Amino acid sequence: MAERCAVVGIGQTHHTARRDDVSIAGLVREAALRALEDAALDWGDIDAVVVGKAPDMFEGVMMPELYLAEALGAAGKPLLRVHTAGSVGGSTAIVAASLIEAGIHERVLTVAFEKQSESNAMWALTVSTPLQSTVVAGAGGYFSPLIRGYMRRSGAPEDTGIRVALKDRKNALKNPYAHLREPEISFEMVANSPMLWDPIRFHETCPSSDGACAMVLSSERSAARGAHPPAWVHATAMRSEPTQFAGQEKINPRAGQECAKELYEKAGITDPRREIDVAEIYVPFSWFEPMWMENLGFAPVGEGWKMTYDGVTALDGELPVNCSGGVLSSNPIGASGMLRFAEAAMQVRGQAGEHQVEGARVALGHAYGGGSQFFSMWIVGSAKP
Amino acid sequence: MREVAVVSFAQSRHVRREARNEVEILMPVVHEAVERSGIARPFDFTCSGSTDFLQGQPFAFVMALDAAGAWPPIAESHVEMDGAWALYEAWVKIQAGQADTALVYAFGKSSPGDLPEVLSRQLDPYVVAPLWPDAVSLAALQARAWLEKTGRSERDLAEVAARSRRSAKANPHATLAGDYEVAKLLAEPHLAAPLRRHDCPPICDGAAALVLAAGDVARRACKRPAWIRGIDHRIEPHALGARDLADSPSTRLAGVRAGVGKGGVDVAELHAPFAHQEWILREALGLGAGVDVNPSGGALSANPMMAAGLIRIGEAARRISDGAARRAVAHATSGPCLQQNLVCVLEGA
Amino acid sequence: MKGPITEVDGVLAAPHVLEYPYRRSVGPVLSRFFTALRERRILGVRTAAGRVLVPPAEADPDSGTAVTDDFVEVGPGGVVTTWSWVTRPREKQPLPHPFGWALIRLDGADTAMLHAVDAGDASRMRTGMRVRPRWRAETVGEIGDIACFEPEG
Amino acid sequence: MGDASEPKPVKTIKTPMRLEYQYTAGEATSRYLRGIAQGRILGQRCPSCKKVYVPPRGSCPRCAVATTEEVQLSDKGTVTTFAIVRVPSENISVPLPFASVHILLDGADIPFFSVVQGCPLERVRIGMRVRAEWVPREELAPTATSIRWFVPIDEPDVPFEKLEAAL
């Protein structure tokens, strides 16, 4: 039934706090045109468009894909708009991939974006509700208690988060598109940065970015046109669970565990730590690296921090994680998940430039959203599945 | 193409203003659709449609998950679109062989805000939205373009409204139903000329859910599954001044791709929130005078935003399953003045 | 949110306001358009296929292809291609009294733009009528610099 | 770069948005808030898994069933985890810094989000026992702000092992 799906074009914008030089249309076109160019294709070659972004309140445009129809060359074509909170960039890519896998289209353009500077992320994420009292301060306020719970439960050394942040910000120096490029970054700089939502420090927090990411996905028939070899989609998986219920495990959510399990099964992976060469995972606050290492089955529960500590997740480690600098270095929320998926594909296409992991053949892209409840993941490889 | 069918459908009673919140509206509807399908949870895939702007609160779909039954964790996705496109995404998953069953739901609570004003936030944010044109006024621009192009009259609009609300008398879920005299309707003042109030949809709150199943699973679940023989959707440019508003080329193309013309059509459920849009859609889909259009009363009788398109598919499927129709066409729309359209062809055998 | 708590249909209700002063960067194409509006001129942009889009857009609506650098002054007068009539304007709309919404194809343009027409009465509106912009006293470079259109002559 | 007096091209526009809504709380939240107006914290028990939700949402997301049985809960509870918030947020009126806490109320099965006041921030800890501090009786209203915050009480800490399930 399922056709093979290949990533044949990848594009992203330069991510920054304020892309004052472009409109929303210009931002998404910048990424889309780079993806088309990478695939050696033009607008007319695209059969359908799949758009993803997080809450519409960021830009104050309701269902902005309608306004973007022209900018995405979508007139006369099918256009879908996905929204699954923070995981949306990943789920958008998965919807696009399933259009190819189902044999419905030959080439699909998928784009995810956020232009957060049009408003204020803290405001848009926590619009107050009448009759309720707002005591959770944005995403940091929500996730910080979970991090404290992880620290307490695992007994991880207190500087684990600092080490993650330092690694990702150093990696970002090798990524020309990254938002935060801080050559002066050091352990002390991260450690001495102010606590925002104690235990999360300023330098352990993702920025608020404007940015977009786009990919051209193709059927096997139409795959061999671009200059770079395709990345083949080996498996995709999505899982969701409710926001809050009695007995819920918030630190190591079951939805994430089961999503990873299904993903590895579909991809024929039995030993993820050994078989996956590089991973791009959604780490908006430094401590989520060890938390997700456990959730994804790379480390036993309570021991994810050791991977950071032992340098396993470093660019030259056994399982390099977030070689692009990750969400900690660029966070246009709606696009962040797709950036993870795209960076994974760039690695197996040998396209990652200075942050390329030598000889990467199998890569994981991961995104999560909501209250650690929405998960989307894919495995891409240089070889056909 | 895999054989996929709608095997059950449920909807709330669509009322002007719901006291219940989205989860409270949605949960009984989801339960009903699931029970009617006879398919045991978990579904292989779940997909929903909604938009945050109706209530002015981000992440409404996140809480709605409470009603869906998401424990143990489920494979799930959400479109910020009408639920008809959620159905499309679920259909694609089944086509890709990644699912055999899917739960699809949609909900919209429009009563908290001024809906025609809220919908102005859909428009180009630089050159149109700052003028705050309301959705009714824009539909009226389209109505006039159609009237003047075709030489039809406002009576043709009132007749659609009267017929829709007469049909809705048999629909216990409708917001507006009853017998209206065309002459009396035409004596009313314009709301946004050339549209009168009766040419416009009621603003209401509601939800809908349905279950899709493939092949033998569908045959086991339902005596007479409503098989999806074709489904396609297309979008047009957003700029109203770059389109021919009197026509719907995206519906025409989607209709051709979905295979509307491959056989006779008994019933068509068209998502035409404004009376003139029914005429435009009929023409674009090539539906003749013999087609029973909107036996449910259509969106002119109940238009819960984000669910009304999915409801068209559910209503068409229901008529296949109960034997009233052999072949039906369902249509959903999104965006100002029919910018985006989906067409689905359903058959009983 | 502060505000009176009331009962509606047996449940508690309270006012909720979604409010933000969005600030938008407009990009190179609309920058030309808005800058010209500030000077009380209306610019369109030519697509590669030769059509003149007004308001200008970054892409050809038919194909997605980038527009050319050829900006052309259009109007200021134009023709109403379709219209509707508002009897009770909403607070944020361009005019406080009854007015027409219209798609207006400015002279030299191939697409029409949406704006308000201050015609006084619906009986003065018709498709094909000629209109011209009425400029706001102080222009700042936004669509509202055109206060509305009005019948020509 | 041309004449300095030449006006700069327009790069940005202001497009303020204001949409007014009449928010309705729904049935379960309305019942809960009416309880708050009487100084009572009302949860709901799931008929299937028997877990107690507070604030109640009218359903148990775990079982996907409606909840109707009302349970009055204590206004005392235990801090299961917390954050010390030191950055301003547009929608929060509590003065900085403050302790944003998850509290497992006695008799409830899901944590309740609130704020702890009345002790130095460095004393806020997992396992700490706290009690709701209500507004004065005559100011009670059907809004969550009728509970001003939580304050420490003189009871022994609850061991972490007993709280782990509620994290």
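Quick notes on this one:
We call the chains A, B, C and D, going by the order they appear; numbering starts again at 1 in every chain.
One rule holds in what follows: contacts are C-beta pairs under 8 Å (C-beta built on N, C-alpha and C of every residue); 3 or more make two chains touch, one makes a residue touch a chain.
What you are looking at is a predicted structure, and each value in this text was computed from that prediction instead of being measured.
Taking the definition of touch as given, a chain qualifies here only if it contacts chain A and chain B alike; those chains are C, D. Ranked by distance of CA centroids from chain C, the top chain is D. Across all inter-chain contacts, the pair with the most C-beta pairs is A-B.
Chain B and chain D have Cα centroids lying 37 Å from one another. Averaging Cα coordinates per chain places chain A and chain D 29 Å apart. In whole angstrom, the spacing between the mean C-alpha positions of chain C and chain D is 43.
Those residues of chain C in touch with two or more other chains are numbered 1, 5, 8-12, 14-18, 20, 22-26, 30, 57, 61-62, 92, 142.
Residues of chain B found to touch two or more other chains are 17, 19-20, 53, 55-57, 63, 65-66, 70-71, 112, 114, 117-118, 121, 125-126, 129-130, 237-239, 242. Shown for chain D are the residues that touch two or more other chains, namely 11-13, 15, 17, 19-27, 29, 33, 61-62, 142-143. Taken together, the touching pairs cover every possible pairing of the chains.
On chain A, the positions that touch chain B within their shared complex are 1-2, 23-24, 55-57, 59-70, 74-85, 91, 94-95, 98-99, 101-104, 124-125, 127, 129, 237-243, 245, 253-255, 258-259, 370-371, 373-374.
By the touch criterion stated above, chain D contacts chain A in their complex at residues 11-12, 15, 17, 23, 25, 29, 33, 46, 49, 51-53, 60-62, 80-87, 89-92, 94, 97, 100-102, 109-110, 113-115, 126, 142-145, 147, 160, 164-165, 167. Residues of chain B that touch chain D in their complex: 17-21, 23-24, 27-28, 30-31, 53, 55-56, 63, 65-71, 111-114, 117-118, 121, 125-126, 129-130. By the touch rule above, chain A contacts chain C in their complex via residues 18-26, 29, 43-44, 57, 59-60, 69-75, 117-120, 123-124, 127-131. Within the complex formed with chain C, the residues of chain B that make contact are 17, 19-20, 55-57, 112, 114, 117, 125-128, 130-134, 137-138, 140-145, 148, 189-195, 237-242, 245.
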